[in-house]
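Shared between the two complexes below is chain A, which has chain B as its partner in the first and chain C in the second.
Presenting the complex of A and B:
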């Protein structure tokens, strides 16, 4: 996993291929981000950390942070549980079936989040299909509404972000030699042992990027919560949107945006590092 | 058609700024428009009624050309701020809450009876801040409901607190202008004070409003979503709903009605004002005068399902005739709204 290659990556001319991307990201991402960060630190009397102090000293805002992270974590878990086996099915399917599956995973991406969120609104209603199915199966005594609940939000968001979990894992699974697992079997490893000691570590890079994609998208989603759960459930992203769009309070908006970014980046980087360590210790 | 008008106008300003008028093809139209062209800024949703109802009357009377720029209230404010030294808009049509910062920044000229004689015909409470702007329409706020889901129409603003509507009531978020009505009405119901005093007692309003939580299906920021829920029967009532929106849905055949609660209805803001330093001050005053005159008022109120502000204009068919109409103190709202939204987040969180 940890490749100790190229003693001086800096002098590698191949690195130049990244130049257009680096330039583009500097202009459209890094500089505006820096500007945002400076904005959050600039008060009427010059440089200040007051916006951060007052944001973090309000217990309600901790609840908002909690909402944001909890929902993003659940969305990631649901996507993983559904997406991981699906990625295997996709990688091991025959050519025709694989093409059908890929299209059915990728095509829904072209339907915007707004349309999907509206569709979920119908599905999650009191007389919607989920409620009716659960009542029909005897799991619920009476029809209940999932719309405008956290469960509904997680289900809807997981649906929208699922392709971003399946595709990175699929691209890794595709490259795994099936004979590795068979070799394990000939050496007497049980299926569970083979999975935890051969397959799982090999798919770890795919899992890491799938989790990073889904987590960072769901931690910052704005349209989906505003349609599936409404104004009564604030997240850092909805708070940021409102600060800029309604209250025209750029300082509060940039403060919450920076906090969101720092949280998302540190969780994604931290979990990647952890996964690599675990993966490394097992191989 | 409309696009070409705007294109000509843009070219005109560009040329004027450059000090050169040599665009051969466009020249005749530019010259004709130069003396008598009135640029009106408003919301995109106003475009239809400005061009089909107001403009024909004004253009005929003053033999001029109306150019309407439809965007949003806040965009109009920015246009005026950026062009403070050389305004090109002469009239702005904006929501009342946005008029307040425009007044504070000295972007508006007051309306006077000398310039706009029809001001004398306006209902009380429709001229604001000593004539800085007036209301040309009153879309009103009542309770929208789904007649298929509710056999009897709501009769009071207190009905939405009735436990039998558990999970069936939709409120606008407090960030939506129409959402303010619920806060003021909650205070009115809780304190029994007259509305002008009740709308200052925000604490009482919040204490009452939180008791609606068990009934709350959702608090929306996107209005189409609220109507979607109402029409599908998942929600029974939207409290409070804008007459124009609800009655347009009804006219389109959706199962939507709007009730006039016995306590009264709220008048929503639709303001019009003169831009200070605008290029056509007399024409602008004439435009506003016609807008609040009897002919335009009758057509405008019917087409927008709103109440006329001219007291001599009959209320259009289907609109409430004898209801008490509550006004909103927009200055007070502007000064306090950020704090209210903050409290709303905390108190109404699920």
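Presenting the complex of A and C:
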């Protein structure tokens, strides 16, 4: 019967090779996500948005949403400020320096978040490297503890997510023909004009995907805030985790989980759409 | 070299140096602390010692957690390799509608919050009657490892020239023999690298695993976090150093097989 509704899919026997993986993910991944979504919208009397209404009517929860978005925004800004020039440096560096940079970008990617967050607990202590360096440079009068502060959290998270900003931007920067900028210079364009009219537009697709990666990861990070800032500071993700693992409040946890899911999906869909629009307008 | 070129050279060096320093800080600090004698993470360490490594060897619960993690990572990667490769062949060689949707779907676990996937699975598995901790971990970790395999093998397959298989058959190979003798060696690097990174992703996973562990079955990151919360001392740095070493090994092998630049493709 299905053969009639989708004839072209079944005419190609190779398609069957995709079936095991797709079926597997449908059953153990897509179905549970859908189930979670549906359950968050059904109350005792059928379809309801009551859990969301009561979630949003609590000012504490607004603070949680605010914390989540503010920290994610700061992490994204820090990653961009460091990552954008770093992507150019990576593209323009000589062979040896480039290899060193690549190692320092890829290696941390295969080390777990628990390991890196624990390392940042050491780095952000009162006698840690950041504090020592800032005092040494004369920027701070006396050592300060950054651990369990929002600044410390942003710094640690930005460090952990930085590769996800550098790599997408690098992937477009390496394709830019340096002669383009030279041509602009020959035609009398100032460096600033060349940057805003040639380089920046060309790197925009990379920026969009880097920002989307870092922002969505920062919104949903869980281990990093638990280790770097503690329980006093709640984000949507830590609240979700706590309500399942400690408070046993599955209703609240499902609500925040779905909010996180919707946020993450809209970032992915939005950035894909944006990247396609930018890419389309250039060709 | 003009003054401007030299200046831009220095700027590149400066930015590159800063980035490398920033990115490597956590790893270097961890390793330095693990070989130091100080209990309170003093840096630079007052004296070098191996006491934390000795301590690590006697830690209760560490070895079982490591074994569970290694088993789950190995089995889930193996399953994902079979499922993922079959699917990648269909995506690259097949001519049917919806291939783009399927490939997005298969890679999507990488893009959604792990925590949410974990919660959904926790409730979904309960609804389906799957209660065994070990089995749940295994089933969940295949979802974590599958995207790595699909992404890399699709990439490698689309670069593979399938007329080579026709050539092998013209030269007298049967179709399966042609696959084994031509396709498999050509794909081996992509296979090994993606397998390695899938394995590491499974080993390091925290947000999904945390919903599927109990007092008896814990994965390494869960056990580590418990140590961090209970008694943070440099023993955890010693365990971390071991995991960093594993990542370094993976990086060296990956570089030999496909090259660093290829691994940075996004």
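Everything that follows uses one rule, which is that the second predicted complex is superposed on the first by the 229 of 283 C-alpha atoms of A that agree within 3 Å, B and C clash if a C-alpha of one lies under 4 Å from a C-alpha of the other, contacts with A are read in each partner's own complex, and residues count from 1 in each chain.
Quick note on the criterion: contacts are C-beta pairs under 8 Å (C-beta built on N, C-alpha and C of every residue); 3 or more make two chains touch, one makes a residue touch a chain.
As the structure is a prediction and not an experimental result, all values here were calculated from the model.
Student: Check whether A:104 is in contact with chain B, with chain C, with both or with neither, and answer first, second, both or neither.
Tutor: After superposing on A, A:104 lies in contact with chain C but is clear of chain B.
Student: In this superposed model, does chain C or chain B come into contact with more residues of chain A?
Tutor: Comparing touch counts on chain A for chain B and chain C gives C.
Student: First (chain B), second (chain C), both or neither: which does A:163 touch?
Tutor: Touch status of A:163: second partner only.
Student: Applying the document's definition of touch, where does A:220 land relative to chain B and chain C: first, second, both, or neither?
Tutor: Second partner only, chain C.
Student: Look at A:268 in the shared chain and tell me whether it touches chain B only, chain C only, both, or neither; answer first, second, both or neither.
Tutor: So A:268 only meets chain C here.
Student: Please indicate which partner A:60 is in contact with in the superposed arrangement: first for chain B, second for chain C, both, or neither.
Tutor: A:60 contacts chain B only, not chain C.
Student: For A:125, using the defined touch cut-off, is the partner it touches chain B, chain C, both, or neither? Pick first, second, both or neither.
Tutor: Touch status of A:125: both partners.
Student: Which holds for A:207: it touches chain B only (first), chain C only (second), both, or neither?
Tutor: neither
Student: Would you check which partner chain A:234 touches, where first means chain B only, second means chain C only, and both and neither mean what they say?
Tutor: In the superposed model, A:234 contacts chain B only, not chain C.
Student: If you lay the two complexes on top of each other, which residues of chain A touch chain B in one and chain C in the other?
Tutor: Shared contact residues on chain A: 118, 121-122, 125, 127, 227.
Student: Which chain A residues qualify as touching chain B in the complex?
Tutor: Touching chain B from chain A are residues 60, 63, 118, 121-122, 125-127, 145, 147-148, 226-227, 229-234, 242, 246-247, 249.
Student: Across the complex, what residues on chain A touch chain C?
Tutor: On the chain A side, the touching residues are 6, 8-9, 11-12, 14-18, 20-22, 24-25, 27-33, 35-36, 39, 82, 85-86, 88-90, 92-93, 97, 99-108, 110-116, 118-123, 125, 127-129, 132, 159-160, 162-163, 166-168, 170-171, 209, 216, 219-220, 222-223, 227, 237, 240-241, 244-245, 250, 253-254, 257-258, 260-261, 264-265, 268.
Student: Which residues of chain B touch chain A in their complex?
Tutor: Within the complex, chain B touches chain A at residues 167, 173, 175, 216-222, 225, 228-229, 232-234, 338, 341, 345-346, 348-350.
Student: Note which residues of chain C are touching chain A in the complex, please.
Tutor: So the residues of chain C in touch with chain A come to 8, 11-13, 15-16, 18-20, 22-27, 29-30, 33, 41-43, 83-84, 86-87, 89-91, 93-98, 102, 105-106, 109, 111-117, 119-125, 127-128, 139-140, 142-143, 146, 150, 197, 200, 203-207, 210-211, 221, 224-225, 228, 232, 236-237, 240, 243-244, 247-248, 250-251, 260-261, 263-266.
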